[in-house]
Amino acid sequence: MKKGRLEAFTDAVIAIIMTILVLELPLPHGNTFHALLHEREKIIIYLVSFLTLVIYWNNHHHMFYIIHKVNGHVLWMNNLFLFFLSLFPFSTNWTGENLFSRDPQIFYGCIILGADVTYFFLVKLLIKENGHNSHVAELFGDSQKMKVTLCLNIIALFAGFILPILTMIVNIIMILLWVIPDRRVERVFKNRF
Amino acid sequence: MKKGRLEAFTDAVIAIIMTILVLELPLPHGNTFHALLHEREKIIIYLVSFLTLVIYWNNHHHMFYIIHKVNGHVLWMNNLFLFFLSLFPFSTNWTGENLFSRDPQIFYGCIILGADVTYFFLVKLLIKENGHNSHVAELFGDSQKMKVTLCLNIIALFAGFILPILTMIVNIIMILLWVIPDRRVERVFKNRF
Amino acid sequence: MKKGRLEAFTDAVIAIIMTILVLELPLPHGNTFHALLHEREKIIIYLVSFLTLVIYWNNHHHMFYIIHKVNGHVLWMNNLFLFFLSLFPFSTNWTGENLFSRDPQIFYGCIILGADVTYFFLVKLLIKENGHNSHVAELFGDSQKMKVTLCLNIIALFAGFILPILTMIVNIIMILLWVIPDRRVERVFKNRF
Amino acid sequence: MKKGRLEAFTDAVIAIIMTILVLELPLPHGNTFHALLHEREKIIIYLVSFLTLVIYWNNHHHMFYIIHKVNGHVLWMNNLFLFFLSLFPFSTNWTGENLFSRDPQIFYGCIILGADVTYFFLVKLLIKENGHNSHVAELFGDSQKMKVTLCLNIIALFAGFILPILTMIVNIIMILLWVIPDRRVERVFKNRF
C-alpha cells in the first residue's frame, strides 16, 4: 500500500496535538509579566512538549520520506504511536500543575517511553516491509541510537523516584539527542541522487 | 469524481475528533496516581472511543484505497458518517461521567449504531459507483460481517436496558471484530499486483 | 497558480470548525435523557451549523473540482470566506444559549450572509480567472440561485426583527436549497468525459 | 527533499491555530448586541490575530509555491516559525483581556517579532538551498521589505513603553504592508510561463 494517506493523517494528528497544547496554558491572573511568570512551570513544560512533538514529527517525516510501502501492521503501530502522542496535552497539563511531584513526572515519562517503544517497532516493521537492503535499513536499521533512547527513558523513570524533576531533565537530554536526525539522511540523499 | 479531497477531508475530521477527545479528560485533583485513578472511568471510555475512531479510520483508509470514483451520494453519506463521529467527544464525555447509567450508555450505543449504518450504506454506494466486479465488491460486498456488526449494535442497545454497562461491553466486542480488516485487502493486493 | 494548497487549507479549516463546534455542547447536568433534552436548543443549533458547514464544504469541493487556476484575489476572497465560517462556533454557542432572542439570531444571520456574499464573489473571481467559457461559468455562472440565496439571507435578517426564530427558519430553508448542488456538476461530467 | 509534507503540515498547524482562536472568545453575558459589544476588545484582537495568521499563510503559500527543495535546516526554521504562531491563541487571549496594558502588548509584539525573525531566516535558508538564481531569490531575496518589517516590529515594542496600544497600532500598520505580497509573484508567473 502507498504511504500518502498515513502521512497525511499523522501530520494532521501531530499538528492538532501540538496546537491544542496551548489551550491548556491558563490565562495569567493579571496584566503584568509578573503574572505571566507565575505560570512559568506550565510554560516550560509547554516548551518541552512542543519541542518533543516537533522532533517526533521531523523524524517521522524523514523516515517516511525514504520508504515506499506500508502495510496493515505499520498502520496499527503508527496508530498506537499516535495514541501515546495524543496523551501529551493531558500529561503536559498535569505535570505543568505539579512540576516537582513524582507521579505526574513518572506518568509523563511513561507516555514518552510508550511513544518511543512504538516508534522503535514502527521502524522495525518498516524495515521488514521495505527490505533489509533498502535505505531505511541502512539509515535507521542501526538501532543503537534508539536503544540508547529507550535506556534513557527507563533511567528517567527510575530517576523520578529519587528526585521527580530528574525525569524531566533526563527526558530533555534524550530529546536533544534527536534534534539532528536529518543530516545523515540528507547526506545519503546528496551522495546518491 | 476523484476521491482525493474526500479522503483528505475525512482524515482531517477524524484526526481532530480523536485529538480533541483528550480535551475532555479532566485535570486530576491532586498530584498522585491515586488522583489519576479517580478519573479511571473517563480514561477507560477515552481509550474505547480512541480505539473505535482508529478502527473507523483504518477501515475507511482500506476501503477508499481500492476504489477510484466517488459521487455526490457518496459525499453525502460520508458527511453523515462524519456527523455521527463528530458526536464522539460529547457522548464520550457524558458516558465517562456516568459509566453505569442507562441513558448515556444507550446514547453512546446510538452514536455507534448511526456511524455503522452510514458506513454500511457508504460501502453499498461505493460498490454501486465502482461496479459490482470491482475489488470493492469482492472485498467488502460480502456484508456478512457488517450485518453481524449492526445486529451487535442493536443487541448492545437492548442489553443496556438490562444492565447499562453491557452496552459498552457488547460495543467493545463488536469493535474487536474490526481490528483486523486489513489482512484480506493486503492479501488480495499481494496476489494480484 | 495551482489550486492544491488552497483546497487543502480550506479542508483543514472547515474540518476543524465543524469539529470544534462539539466542544461548545455542554455536558448534560445529569445522567438521563431528560437532562440531555434540557440542552435541546443547543443540540438543534449544533445540527443546523454542522449541516450548513457540510453544505459549504460540498459546494466548495464541487466548484474547485472543475476549476484549474487560482490567483491572489481568489486566495483573499477564500480567506475572507473562511473568516466568516470561523465565527460559526462562537455564534452557534451564543444563539444556542438564546434561541428565541433577536440579537443572537440577527448575528447568526449576518455571519451566514457574510459567508454567502464572499462565496458569491469567490465564484465570480473564479469565473474571471478560468475564462467565461470554462465549466465553472457554465455550471455556476448562472447566479440565479446564489442571488435567491442572498435575498433569503436578507429576508432572514428582517424577519428576525418580527420574530427572532424566523431568522433561523428562513436560513434553514435557504440551506436546504443547497443540499443538492451536486447533480448538475455530475451530470455534466458524465455526459462529457 | 520535496516540499509536500512540510506544506501540508504547515497548513494544518496554521489552520488549527486560526480556528481555535475562536474558542477563546467568551460567550457574551446576555442576549443583546450590548452584551456582545462588551467583548469588543476581545473581538478586535481576534480580528487582528486572524488577519495576521492569514497573511502569514498567504506569504508562506506564495513562497513555497516557487521553491522546489527543502532541507533539514528549513524544516527546523519552519518549526520554530510555527512555534511562535502556536502562541497566538494564548497571547491573543491575554492581550484581549488587557488591551491597554503594557506587558501583554509587549508580549504580543515579541511573538510577532519572533515569527517575523524566523520567517526572515526561513527565506534566507530557502534562497541558499534553491540557488541564488532561482525565482525565490529574485522575488524574495530583496529583503528590503522584510527589514522594514523587522524595524517596525522593534519600534512597536519600544512604542509600547510609551503607550501600550501603540504596539498594536504599529503592528497593524506592519501587517497591512503584507496584505498584497501576491502581485509580484503572479506577475512574474504570468510573464514567464
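Chains here go by letter, A, B, C and D, matching the order in which they are written, and residues are numbered from 1 within each.
Just so it is clear, contacts are C-beta pairs under 8 Å (C-beta built on N, C-alpha and C of every residue); 3 or more make two chains touch, one makes a residue touch a chain.
Predicted model only: the values in this text are computed from it and were never measured.
Chemist: From chain B, what is the lowest number of touch steps before chain D is reached?
Modeler: Between chain B and chain D, the shortest chain-hopping route counts 2.
Chemist: Tell me whether chain C and chain D, two copies of the same sequence, contact each other through the same residue numbers or different ones, using over half shared as the line for same.
Modeler: Chain C and chain D contact each other through largely non-matching residue numbers.
Chemist: Could you work out how far chain A has to rotate to sit on chain D, using CA atoms and steps of 5 degrees?
Modeler: Rotation angle between the two copies comes out at 90 degrees.
Chemist: Among the chains, which is located farthest from chain C on the basis of C-alpha centroids?
Modeler: A
Chemist: Centroid from C-alpha atoms only, then distance chain B to chain C, rounded to Å. What do you get?
Modeler: Roughly 26 Å, centre to centre.
Chemist: Provide the C-alpha centroid distance between chain A and chain C, rounded to the nearest whole angstrom.
Modeler: 37
Chemist: Could you pull out the residues of chain D that touch at least 2 other chains?
Modeler: If we look for residues of chain D contacting two or more partner chains, we find 8, 12, 16, 20, 23.
Chemist: How would one label the connectivity among the chains shown: line, ring, star, complete, or other?
Modeler: ring
Chemist: Which stretch or stretches of chain C touch chain D in the complex?
Modeler: Residues in contact with chain D: 1-2, 5-6, 8-9, 12-13, 16-17, 20, 23, 71-72, 75-76, 79, 82-83, 86-87, 89-90, 93-94, 97-98, 101-104, 106-107.
Chemist: Which bits of chain A are touching chain D when the two form their complex?
Modeler: 7-8, 11-12, 14-16, 18-23, 25, 27-28, 31-33, 35-36, 50, 54, 57-58, 61, 64-65, 180, 182-183, 185-186, 189
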